[in-house]
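You will see chain A twice below: alongside chain B first, and alongside chain C after that.
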Partner chain A sequence: MGIVFHTVLFYLLAILACGFAVAVVLSNNIVRMAFYLVACLGAVAGLFFLAGADFVGALQLMIYVGGTLVLLIFGVMLTARGPLANIQTSRAQWAMVGLIGASLLAVLLYAATTAGKWTHSGQIVADRSHVSKPTATPIGLALLGVRADRLNAERTDAALGKGMAGYLLPFEIVSVHLVVVLIGAAYLARARRRATTPPMAATSGDSNNLDPGD
Partner chain B sequence: MINPVAEPVSLMHYLVVGAILFVCGVVCMTAKRNAIGVLMGIELVLNGANLNFVAFGSPYLQSGGAPSLGLDGHLMALFVIVLAAAEAAMALAIALSFYNAHATVDVDQANELKR
Partner chain C sequence: MADFLAIWLPSWLALTLAALVHVTLILTLALTAAAAFTWAERKVAGRIQDRLGPTRVGGRFGWLQAVADGLKLVSKEDIIPRNADPLLFRTAPYVSFCASFCVYLALPFANGWVAQPLDIAVFFVLAVAGLEVLGVILGGYASGSKWSLFGAMREAAQVVSYEVPLALCAVIPVMVAGTMDLVAIGNMQAGWAWNWLIFHNPFLFITFFIYFTCAVASVNRAPFDLPEAESELVAGFLTEYSGFRWSVFFMAEYASMFAVSMLAAILFLGGWNGPLPITVWLGLAPNPATGYEPHALLAYFGNFLGMVNILIKATLGVLLMMWARWTLPRLRIDQVMTMCLKYCIPLAAVMFVGTMIYLYAFPVGLIFRSGGG
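After this line comes the complex of A and B, so read on.
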């Protein structure tokens, strides 16, 4: 029995992803949590590549690791100062959370390990000999409403129309949703004066200093 | 003894990794008191779900005869990624607004509706 390098890479990336996810949970420092999350999501992108989802993996790296996490790190930088950087959780809360997490993990692991028994055929359908096909073009066509991947299946003409609907409407909905959310986020996070600073004294002092004619 | 690296990766492996990421995210969401930490837990949960979508849509994994989701799994994962970006932007804006008003990001301090 030789070594399957696909499996070796899978175990490497899986251990990285799970280990950094656990590190996110166990760490108390919010800055370190952000770094562990970057590493964890990068390992998950590697798992996407291993599963043949090259376009999703690339987008995971670009949008998640490059965009969303930079946003999160900006949030960390804007809010983590002094004692706020590590807020402790009490031991009773950790015990309750550990109980919930352990039971949820047991249920999910049971479901995951019995996934092969969901169907009774038991035959292996994956043909591992074929070379990997890039998925960017069919994904782009499916987002525009054309399912190029369904055209290759052996179907009669009547059944061909079924399931051929692409994702044009969800694509438009999600793009409008993104615009609305970004406008709303920019509105919510606009610069305002902190509530803790004394409002009148600070502003009058600043205006006196800045005014050249005073 | 079975050599673990001599067998091809099956769907079960991916589902186990997805389950671990999901549970880590749920624990992070419930245990952290920092609002940004709660957000990071949400990201972990979404990534666990995304990993399952991609695994179900993968043609390379042995799924025990179950039909693969194919490209639908990839497209669902893409929509989850985009919606996660939107959610992160919105939640960070809310967290920053809360920080501007209260000078803290401790979610236990956000209890004004109780009074």
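After this line comes the complex of A and C, so read on.
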């Protein structure tokens, strides 16, 4: 019966996610779209929680839902002209997006329907003991180079050490990359503000006058 | 609880019942807290301003004022402005309330008394608490009013900025505790008051105050209540709201105030452990020194005392916020940003590095123990 209950919740959340995703596409109002997108991503976070991946679920909430929020504010609100700006989609756009969407859906459907072939020979692993296991600890250990999934494998010690590279270096590289992007964005935003200063001030030769706010 | 019920019931029914019980308990707490704090807010405001505050409704201290307020708000007309986006305008308060309510799902009230024990409770709480701003932004935008939009933009800028130092400050006790599980963090601080993480090292002591400042800012309380600054923005994002929807926003605010105070109590102030190990003396909690394990009923009573303990601590936190609100003048928006970017973030970062160095220099603690109970 436990499996049935999880299935019910899964369908509920999946329908919510799909419904809001469709609503994003069908809506014309840009802020409503963002709201539907947030709701859709929230439902996906719920799916992650249901699958027992609480860390990924919380990440989904923090990064995607929170990120969309920031996108909504700084991308959408500041560019929207009227208070309730509408977006009209042309037929060519519909056709192009439909083509891309359909091909992506086909790939995903193929992957989903053949999933049984590349996991545990199609056996159902959705029992509650699996769900209540902590997931953050193995992720944290894997970051440091202790791969819990490989520790369980029946191998000799020499073979064990082989796959234990860990994710710390990729993680650091990504973080440094993000810092570069952040500094670049800040620099660009700053430069743009300087360019908009009146030419009178720019030709005066005293650079201190240019950015009193900074 | 689901496992306990599953002995007699089919598991789907047991899960549903357990979930209902948890949700009802949390909802009751959040709503009762909101009602009590509206009264307390008026009373505190009155006393600080040398007035009496409410005195008439319900007898001596006006303790039924919250009920009177609630009745008034419910019976008000529900107005939706012509320029508003009706759907978003209607939904926004509930989005806010849902977010601040969901925080309680992962907050433990005593040893093991938590709706959903999570391995990453701290992270979950911070992630969900940050979503409250969504309702405010939607409400502010959907109102179709310039005051509301300004309020929402301020809220967005403020909350997004203050999330950074808030998370940094929450990471420091997590680093000391070595876990993000709030139940484990609370249990670590059992015993005397100097086992509390705030007294673990001088850096954590300062971190607590940074955390509290950022928490006040992230729940939009004065002196950081720029989004509803009535002197400039009428009522900010609340301008167009009235009656029940307005009160839902208000309940969300009080619920999240209580939630951040509770998180502060668990992360820094010993959680459900009092300053004296009274529950250990009375044999209501396990004693690690003697290996004593209390009977289930006694442990239940001990947990109840622990819950009272943490609720008192969290209430004190909320009262502190009220005190600050009615004492300090409101900051300007640039001062709010300066406070966050030039003071809170660098200070929190220094405290982070300091705590790390401290942990390396004194792995077992300098004066007091830090081994964990």
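One rule holds in what follows: the second predicted complex is superposed on the first by the 145 of 214 C-alpha atoms of A that agree within 3 Å, B and C clash if a C-alpha of one lies under 4 Å from a C-alpha of the other, contacts with A are read in each partner's own complex, and residues count from 1 in each chain.
Rule of thumb we're sticking to: contacts are C-beta pairs under 8 Å (C-beta built on N, C-alpha and C of every residue); 3 or more make two chains touch, one makes a residue touch a chain.
If you're wondering where the values come from, they're calculated on a predicted model, not measured in any experiment.
Peer 1: A:Thr137 in the overlay: touching chain B, chain C, both, or neither? Say first, second, both or neither.
Peer 2: The second partner, chain C, only.
Peer 1: Answer with first, second, both or neither: which of chain B and chain C does A:Gly66 touch in the superposed model?
Peer 2: The second partner, chain C, only.
Peer 1: Taking the superposition on A as described, I'd like to know which of chain B and chain C A:Ala53 touches: first, second, both or neither.
Peer 2: A:Ala53 sits against chain B, while chain C stays out of touch.
Peer 1: Contacts for A:Ile30 in the overlay, against chain B (first) and chain C (second): which applies, first, second, both or neither?
Peer 2: So A:Ile30 only meets chain B here.
Peer 1: For A:Val38, is the partner it touches chain B (first), chain C (second), both, or none of the two (neither)?
Peer 2: second
Peer 1: Per the overlay, which chain contacts more chain A residues, chain B or chain C?
Peer 2: It is B that touches the greater number of chain A residues.
Peer 1: Considering only the touch criterion stated at the top, classify A:Ala92 as touching first (chain B), second (chain C), both, or neither.
Peer 2: A:Ala92: touches no partner chain.
Peer 1: Given the touch rule stated above, what does A:Leu188 touch, chain B (first), chain C (second), both, or neither?
Peer 2: The answer is first: A:Leu188 touches chain B but not chain C.
Peer 1: Could you pull out which residues of chain A sit against chain B in one structure and against chain C in the other?
Peer 2: Touching chain B in the first complex and chain C in the second, residues 1-2, 4, 8, 55, 59, 69, 72, 84, 128, 135 of chain A appear in both lists.
Peer 1: Show me the residue ranges of chain C that touch chain A in the complex, using the header's touch definition.
Peer 2: The touching residues are 10-12, 15-16, 83, 85, 87-88, 91, 118-120, 123-124, 126-128, 130-131, 133-134, 137-138, 141-142, 144, 149, 153, 156, 160, 180.
Peer 1: If we count contacts the way the header does, which residues on chain A are in touch with chain C in the complex?
Peer 2: 1-2, 4-5, 8, 29, 31-32, 35, 38, 54-55, 58-59, 61-62, 65-66, 69-70, 72-73, 77, 83-84, 128, 134-137
Peer 1: In their shared complex, at which residues does chain A touch chain B?
Peer 2: Residues in contact with chain B: 1-4, 6-8, 10-11, 14, 17-18, 21-22, 24-25, 30, 33-34, 37, 40-41, 44, 47-48, 50-53, 55-56, 59-60, 63-64, 67-69, 71-72, 74-76, 78-80, 84, 87-89, 93-94, 97-98, 100-101, 104-105, 108-109, 111-113, 115-126, 128, 132, 135, 138-139, 142-143, 147, 149, 167, 170, 174, 177-178, 181-182, 184-189, 192, 194-196.
Peer 1: Where on chain B is chain A touching in the complex?
Peer 2: By the definition above, chain B touches chain A via 3-28, 30-37, 39-41, 43-44, 47, 50-51, 54-55, 57-68, 70-71, 73-75, 77-79, 81-90, 92-97, 99-106.
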